[in-house]
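The two complexes that follow have subunit A in common; it is paired with subunit B in the first and with subunit C in the second.
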Partner chain A sequence: MCTVTPISMTVGANRIVPTIAIPHPLGNPALTHEEEYALRKKLVTRALEALTTDVKDQTIFEV
Partner chain B sequence: MKLELGFIQIKDIQFSKECKVENGTLYVNADEVKAFVFQDDDVKACVKEACFDIARPGESVRITPVKDVIEPRVKVEGPGGEFPGVIAKVDTVGTGKTHVLRGMAVVTAGKIVGFQEGVIDMTGPGADYTPFSKLLNLVMVCTPVDGVKQHEYEHAVRIAGLRAATFIGELGRNVQPDETKDFETYGIKEGMEKFPNLPRVAYVHMLQSQGLLHDTYVYGVDAKRSLTTIINPTETMDGAIISGNCVSACDKNTTYHHQNNPVVADLFAQHGKTLNYVCNIITNENVYLADKQRSSDWSAKLCRLLDLDGVIVSQEGFGNPDTDLIMNTKKIEQVGVKTTIITDEYAGQDGKSQSLADADPLADAVVTGGNANMPVVLPKMDKVIGTLDYVDKIAGGHAGSLRPDGTIEAELQVITGATNEMGFNCLSAR
Partner chain C sequence: MSYRVVHYINQFFANIGGEEMAHVPPELREGHVGPGLAFNQAWKGEAEIVQTIVCGDSYYAEHEKDAKAKVMEWVKAAKPDLFIAGPAFNAGRYGYACANVCKAVQEELGIPVLTGMYVENPGADLKDKVLMVSTTNSAAGMRKAAPTMAKLAMKLMKGEKIGASCEEGYMPNGIRVNFFEKERGSKRAVDMLLNKLADKPFVTEYPMPTFDRVAPNPPVKDLSKATIALCTSGGIVPKGNPDHIESSSASHYGEYCLKGVDKLTEATYETAHGGYDPVYANEDPNRVLPVDVMREFEKEGKIGKLHEFFYTTVGNGTAVASAKKFAAEYAKKLVAAGVDGVIMTST
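Right, the complex of A and B next:
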């Protein structure tokens, strides 16, 4: 899970889930506490899906 | 757009009862400068004290922690004033005449965040690594009001420095310059008609805009809130772009760098001879991936729209901005415009690690400003302007950087301007 996916591609990561911003990858200070929780849950769920998905090449799992 | 710069060579700075420039000497009444600086409400609210000192080339003086370096200038003819949208009103600058107090700078010093303000040594090996050791520096050391928030304080010290430079610049208004120089760029059609056989070249100027006190302002606009846009190079000579950065000292662009951008100077030197210098394209370095994509798309779109043949791209800072650099370069090359990039390196103390966080085969013309991780030893200076309290903490320092005998052992990163990515220094590699 990371914000700057081009760097993840450059360093050779297999499964990449794009996140929000560099200072707050799994949060967003512009949202309410509840909205932020929902956002975080969506991102982590997507990352778990990615982990259980077979990949042949470097893959970005869009959220 | 045509601007005449009139250079007034400053050969010495003296504290005095009156403020004036006479026979190349700047006489300063520190109380008068301070009174002008403190007329600003934000400065008054956030800055407890501002003390002035002078550092001359060759003196055994260490200035730290350095926030910004600013060249005093004054608009003597034409619309607007210096630092438009921040100090002067927001009118378009870059035409008419501007006087420059050359050979000196206003340096703001004192703790902001503590870990990203730099060191300027006026003599010794450290002095070789910073261009500011060659200037007469009027240093303003600020201390915060108790309990003030860091971002409010950064703003206040930024304004304080610009106001001090504005006050000093004004002293050059009625002084006959030692030398004058004209700078002019043309409209698109006009330029093509004037130089039909010369390649069309622009400068893609990346501005640090990561937020959290890593910011640059254009006519007072926070660069992270702007899309990629076009600016005339002469506007930057009138202070249209200013630094609000507390980032690693070695590769942050101070306001002085923006006023004296060497890429702009070199492109002007070739303008009408080997190339047609079209304009500057300013683009940001934000922390959201969507912003990086949008801004670099826009850079490429503008390059294509302007029918450029080539661009020079300069970066500011390091780490994730390496991605902005590579995205800009890749996309601009893909629309058929040749690129050369200027960056610096974080290649480890032995220089053997990967230099940039990102890379692409299309970025095949690179100029480096040096390796910021290179270890340096800076001998003790007789006098410190500011404080040594943060030497162990500044980026490039480590616990024990300040030795008991006053020597500093650290990475080159600690020195203001050491690996500047506009190429405003002498380090490079072949």
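Right, the complex of A and C next:
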């Protein structure tokens, strides 16, 4: 899970989920606590989907 | 008096034969054999190959200890000013033997050594230990390799200063030397950019590390039974950073237990990471390591369980080699603990 996905591609990650921002990849301080938690849940859900998906090559799982 | 050189070659370059003769044991011959002639010619009498050691590639690979001992015995007796091996081009066992005997001669006898091979030859793994000229991948490159090696060899024998790898033709060996460039950095960078835009050749002054590629692992079959671990390069550590993970160029990683931890809080965790504004991660460390969400998924039964340890380091300026070493170590721990999948977060 990474904000700068070109770096994930360069280093060779196979399952990549784009995130929000460098200092808070899995959150957004501009949101309310509840909204932020929901956002994080959505992102982690996507990561779990990526883990259960068969990939043949480096893949970016857009959220 | 001219400098005295001992040369190491394989059965093929000694004209004994190819693969069918690769089993021949080491043999000592007087004078030059095969490619040694080209070295002698390039040295124009200033140096001379006094003896040539010939060894079959398979023999060396299969009897490394004996073969090396024999070579060392002969080189020690000959007391040459230089030991030269190859060039081996892309012949794997030959390259390995060249690099390996050179290393032994240099370290055990204190005699300068030089070899040459193709950069992808397995023997080139020793390029940081043994000076080796970069050659083409086939013996067709001998005409170019021999003079380059001969010139560098002469400098070694005379004890002259060795220039940069790009000038002398050897493989970069990780040694950096300070020097003044003729033109300032901004000018060089703009020249490089203009060449790039014009599709002209240019040489970077800061090559990127080469990253390996791994085949994707098969997917996790059943999340509801899976153990999922969290790892991060975002520097999340227990408050106070007990293992003193550096804020940049981390020298180690941390392993921390999550038993009984429902979520990360400002009071209990923080980030050790430099280079990004740590305010948001310190305020709510779940923004980097999502323990809160993973605990909810665990309770719901969406995942089997959250692994009880998380692994963490600081990615800021950390060497690729260090990161690789950390991961190789904790990946083993994850596998041993029966972890099925890992979510790695990075900042």
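One rule holds in what follows: the second predicted complex is superposed on the first by the 63 of 63 C-alpha atoms of A that agree within 3 Å, B and C clash if a C-alpha of one lies under 4 Å from a C-alpha of the other, contacts with A are read in each partner's own complex, and residues count from 1 in each chain.
As a convention for this text, contacts are C-beta pairs under 8 Å (C-beta built on N, C-alpha and C of every residue); 3 or more make two chains touch, one makes a residue touch a chain.
Quick caveat: nothing in here was measured; it's all calculated off a predicted structure.
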item	value
Comparison of subunit B and subunit C by subunit A residues contacted	C
Which of subunit B and subunit C A:I22 touches, first, second, both or neither	both
Which superposed partner A:T5 touches (first subunit B, second subunit C, both, neither)	first
A:T52 touches, of subunit B and subunit C: first, second, both or neither?	second
Contacts of A:K41 with subunit B and subunit C, given as first, second, both or neither	second
Touched partner set for A:N14, first subunit B, second subunit C, both or neither	second
Those residues of subunit A which subunit B touches in one complex and subunit C touches in the other	3, 7, 10, 22-23
Subunit A-facing residues of subunit B, complex	210-212, 287-289, 292, 320, 322-323, 326-327, 357-359
Residues on subunit A engaged by subunit B in the complex (per definition of touch)	3-7, 10, 18, 20-23
Sites on subunit C touched by subunit A in the complex	208, 211-221, 223, 228, 234, 276-281, 283-284, 286-290, 292-294, 296-297, 302-303, 320, 341, 343-347
Footprint of subunit C on subunit A - complex, ascending	1-3, 7-8, 10-15, 19, 22-27, 29, 36-37, 40-41, 43-44, 47-48, 51-59
